[in-house]
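Order of writing sets the chain letters: A, B, C and D. Residues in each chain are counted from 1.
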Amino acid sequence: MNVKTPEVAVIGGGVIGCSIAYHLASEGVSVTLLEKDRIGEKASSAAAGMLGAQVESGFPGPMVDLCLASREMFPSLARELKEKTGLDIEWDGTGLLRLAGDPAEGEELRERGAWQREQGETAEWWDPKTLLRREPALGEGVAGGLFIPGDSQVSAPRLVQALARGASLTGAELLEGAEVRRFRCEGGRIRELETSAGRIHPEKVVFAAGAWSGILAEAIGLRLPVVPVKGESLALRWHRPLFRRTLFAKGCYLVPKADGRVIVGATELPGDTSPGVSAKAVHGLLREAVRLVPGLGEADWERAWSGLRPGTPDGLPYLGRAPEHENLWVACGHFRNGILLSAATGRGLADLLLGRPVPRLNPFSPGRVLAGERR
Amino acid sequence: MNVKTPEVAVIGGGVIGCSIAYHLASEGVSVTLLEKDRIGEKASSAAAGMLGAQVESGFPGPMVDLCLASREMFPSLARELKEKTGLDIEWDGTGLLRLAGDPAEGEELRERGAWQREQGETAEWWDPKTLLRREPALGEGVAGGLFIPGDSQVSAPRLVQALARGASLTGAELLEGAEVRRFRCEGGRIRELETSAGRIHPEKVVFAAGAWSGILAEAIGLRLPVVPVKGESLALRWHRPLFRRTLFAKGCYLVPKADGRVIVGATELPGDTSPGVSAKAVHGLLREAVRLVPGLGEADWERAWSGLRPGTPDGLPYLGRAPEHENLWVACGHFRNGILLSAATGRGLADLLLGRPVPRLNPFSPGRVLAGERR
Amino acid sequence: MNVKTPEVAVIGGGVIGCSIAYHLASEGVSVTLLEKDRIGEKASSAAAGMLGAQVESGFPGPMVDLCLASREMFPSLARELKEKTGLDIEWDGTGLLRLAGDPAEGEELRERGAWQREQGETAEWWDPKTLLRREPALGEGVAGGLFIPGDSQVSAPRLVQALARGASLTGAELLEGAEVRRFRCEGGRIRELETSAGRIHPEKVVFAAGAWSGILAEAIGLRLPVVPVKGESLALRWHRPLFRRTLFAKGCYLVPKADGRVIVGATELPGDTSPGVSAKAVHGLLREAVRLVPGLGEADWERAWSGLRPGTPDGLPYLGRAPEHENLWVACGHFRNGILLSAATGRGLADLLLGRPVPRLNPFSPGRVLAGERR
Amino acid sequence: MNVKTPEVAVIGGGVIGCSIAYHLASEGVSVTLLEKDRIGEKASSAAAGMLGAQVESGFPGPMVDLCLASREMFPSLARELKEKTGLDIEWDGTGLLRLAGDPAEGEELRERGAWQREQGETAEWWDPKTLLRREPALGEGVAGGLFIPGDSQVSAPRLVQALARGASLTGAELLEGAEVRRFRCEGGRIRELETSAGRIHPEKVVFAAGAWSGILAEAIGLRLPVVPVKGESLALRWHRPLFRRTLFAKGCYLVPKADGRVIVGATELPGDTSPGVSAKAVHGLLREAVRLVPGLGEADWERAWSGLRPGTPDGLPYLGRAPEHENLWVACGHFRNGILLSAATGRGLADLLLGRPVPRLNPFSPGRVLAGERR
């Protein structure tokens, strides 16, 4: 059997792996991407596509900075992908409303808004009256909301598809049904991947396998703790839009999509790797959705699904060179921010692999696990 | 184009039309069945498959008698279909529990049970303690239940499929995508059907088009008031059964199927012909299901669907010779009892078409509409 | 039950009906669209989305003119729909190659190209050598091709969806599951539509029901001969594109889509209204596709489907005022050109309904049937 | 997290794992089955369901004996599963026709038939004339056939479902989405499975992971060479049966199912683990199917799919105790005979795990790999 010898082997065909492959291929690097099932079919297409860099950020730090930087990359990424592939990722900049369920939460959100404005971001507090004037479909009992015009959205399945197509059109090789069976390491380097699609001798390797990255790392003795956190979501279809902005509250969020669907998300079940969606998840999400926007009861049911988000103990992704293998890089553990961070991760990892320093990724070095354990 | 000349043309490929075609073909009659879309894809496969002859019967009369008679035909029909087609319709005689939501409803059910026993049927009142001992998964607040061992169930989609296959294997011609465009009548007879599948000159015609029968009748000037009543249902999938008997309460019923699914039904929306299932229907059915059997919250969501039941003003189906066309028979308007009555309807209509009297169908004559209007 | 009183009732929710509704609603006209099943689910989304105004035009006349005019409307329609709805219809102007199977066909195509250039259109003859240099994946035995850069394509399902969404967002009411049961006419006007969604008293009515328009017309005594012509197609998915231009040959066409699929079409079966796709159609289309582009054998199978194109005896659509009902307009019979003509038809019919003359539609007047029969 | 301590952990939820779990649970053994995706969704439901013990057996030996023994178990297994679960596996004993493509193949088949009769099996040679009289839909050019009345069939997806339901109903715990991440071995025993569904401390472990068994074995240093052999199949749907017996020829087989489908199989692609079905596979299978039975061209296309059969270097499955771990058993490598051998494998492994000798499994001991390598 012939042996493939790409410059880079990317393991994992979700939005992160596809973005890295896309950015590398765009620079002329030869890339082979290995996906054990089908590209983009797991967590990446289970996502609602929110680019919520501000909505959940409560305190300053490198994570917020990375999220904001990644969010800003989407409009031009959208244009670039449309041009290269003909696919539109449906970027939508209408903004997001973070809703307060009661006055105490309202107070908290107002403070968060003030702090964000200090950081130079836009965030506008709307009292209940203003809120209902601008989003009249909201139910009673909403205690105001923080309007974040900068938090935008894309179609998550179309994003993965466009990145994969873009990578492929610029020369990357994307293999589906290609599972790594064994690594051959030598002298601190990964020399060979034995896969179900044959042997691969890459110069460099990237682990971008989302919730499966921990198992992968295990095989070469690398500690990379990743906790799968199951998320269940559902989609409704309305005939006439009831609201235009993404609505985000405790208990559920509602993301209106261009095609007339509203995505309602999401549960969080750490450690649950079962497939499927429970009846109580559907029940709970619908109850919250209809409480928030009563008119949604008239929308048509479409479907429910689940995915496994890759959580990490400290809540930060692993991005960067692996501590003990000199030709291995890691990009995983994005938890709920995989779509949002896919732009900065793809760009950043491509730069790292090409030997360019990316200072803003330093805080996310996978070496921190080892360092933490040694302390 | 060649002209078909079957003895009988059956219009409508739901469970009723297929059962009539099956029984006719079994007697050697040449039958052409015309279905405008696909066989068995509308109300028939939307049904939960309950054979609930007793569960809703509150007073004696020809309707109860017909339901009981039809229910009794299923065990042998199941054997016959298995033998002829290899398909098992999954007849299940475990019985049905009619649950009382409060003591008043309990009282009512006990009386109904007493009355049914007088009629020679079996119906057993279980007080709350007995009930919870026998069905320990039931939630609190159930005020007892009437156990009806005779009310059984089948798989509705498999029943339609087996009847259609059985009809086809014994010589009936089943045409899909075959819509009647025009009737040519002459001397009180339907002489020709002009259909999208060509011209048909049948000796006899049967209207068995469910909720569409009224439109059909309109075209030949026959008054046959049929009101579509939309019903929405959903299916869950459990890993280990929580109960064995069909549970029937105000607000919802739960039918456990052999393949590990539980069907939860059903809304009733008269006059609503929209496709799809509303979010509030899913929400409401799940809320009731989980109230009845709390453990169902852990079951997996499967899917939701809807169908149009054919309702009639007096609640009785139209079964028999049409009043003013001497070669036209009608079998429609079964409302929620289409699966249950399919056995007796198919057998009965076949007999009528073959010139045999079927006294128990007399009360369902479609002529009663005309008679009613003349009074 | 309440009665709806829109200015215009459009019957039919395919691409034609949706385009008319969209253009009317954009001008502030109140529109109710009635679709008996679901919007865009029949022939419209079965189409490959070619905008082939030149590819099949062999002689000058009003049909070619209308096709060319409609084709030119798509780039701006695409921008407008993207802006209004957020949906991209994936217009692609890479052009089309009309392939010659043998020298005689080549000669014919060269002549057609010459004639088209005389008309001011672009059409370039590529001899076999040029052809294989520009499209190296083509199989041997292709005797040259006519390159038509102006013939473009869109995603047919996304076009219908965007038109429907656009209509809805600008105020049109789109009803699914809404079947017309009876017309009430009076003094040469349609006064009332009795539908499964209630009574409608429109000022004006448009028949845009594709292959079902003939049945509709029948109900008010209008002769509108429409012959359903079944077409079967399939889609493959490639990993890396083998060609970029739409390929059109005798026996099959291949339309590469942005999402990595190639649509292979299509059979033509006049009078066949059965649902489904035959094994021999799949076999035949695949055989031709692989003969044309041998590398397609490696592409992944995706799926097959069929639709009913509305054919007319003279090959021209019916567009304009109906001959004997003063408030009825007709837009149907587009045969294989429904997607291509949807832009000009929607715009043109909206103008006619608003009382503006549209001379280029004159040759398509539905009155020609009556006139023809009187002769 | 709590630790599960079943007597037996079965890894793999295909037909083999489910059959073992079913037979163990039926004897009161506590079983936990771990399936990394969903039960029965891989090769097991991709199978056509043939129980072809004789059709491919060319020479005597333990493999033929095991196949024959397993085939004979199905009628009673079918009854038992129907009784326990309510699910019918659609066992069909109509028999199988092994067709000869030319006189040489005919000669070979006649000899094989003679030899089988010597072994006490039934096998009847039909010359072309007899053949066409009994199966008149066969195309010309068939040079006779060997009728094997004993080779029967079941519905493969229903078999897996019934075994899984039966196991679950008798107390086995079936976990989906449960992937083994690490084995902890000690003193020649597997002490712990670290899985995505928690820690498991079983007394005994069974590897029944089909094409994935090799990767699993790798993790504990066990050599268990399994080669995935991709197979592609498709299903057609006919309206009226063209033949009743399973037809088996070089190039394709045709298995008529009770529900009106015909399964056409199958390609064999060793080492190909890609998902999906190629265009050329669909083309090739259809071409052969229509050559064999021309009338199949009129059947409706349904769908195509693929699965990975677990091949072994010597063509025999691995059944029995693993050579170097005293609490590990193996049941994999069934290649094309997984459905056929599921009955004997489930019964046999259950016996072995319960300490009962099963002499007929001796030739299939996984220890032969090690022995072979030591030689």
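Keep in mind that, in the parts below, a contact is a pair of C-beta atoms (placed from the backbone, for glycine too) under 8 Å apart; a residue touches a chain by one contact, two chains touch by 3 or more.
All values reported here derive from a predicted model rather than from experimental measurement.
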>> Quick check: more C-beta contact pairs at C-D or at B-D?
In response: C-D
> What is the chain whose Cα centre is as far as it gets from that of subunit C?
Replying inline: D
> Whole-Å distance, subunit B centre to subunit D centre, using C-alpha means?
Replying inline: 39
> Could you state the distance in Å from the CA-based centre of subunit C to that of subunit D?
Replying inline: 48
> Could you say which residues in subunit A touch two or more other chains, in rising order?
Replying inline: 276
> Okay, in this complex, where on subunit C does subunit A touch?
Replying inline: 82, 85-88, 90, 92, 161, 165, 168-169, 174, 239-241, 258-260
> What does subunit B use to touch subunit A in their complex?
Replying inline: 236-237, 276-283, 286-287, 289-290, 296-301, 303-304
> What does subunit C use to touch subunit B in their complex?
Replying inline: 1, 37-38, 175-179, 181-182, 196-198, 214-215, 218, 228, 271, 273-276
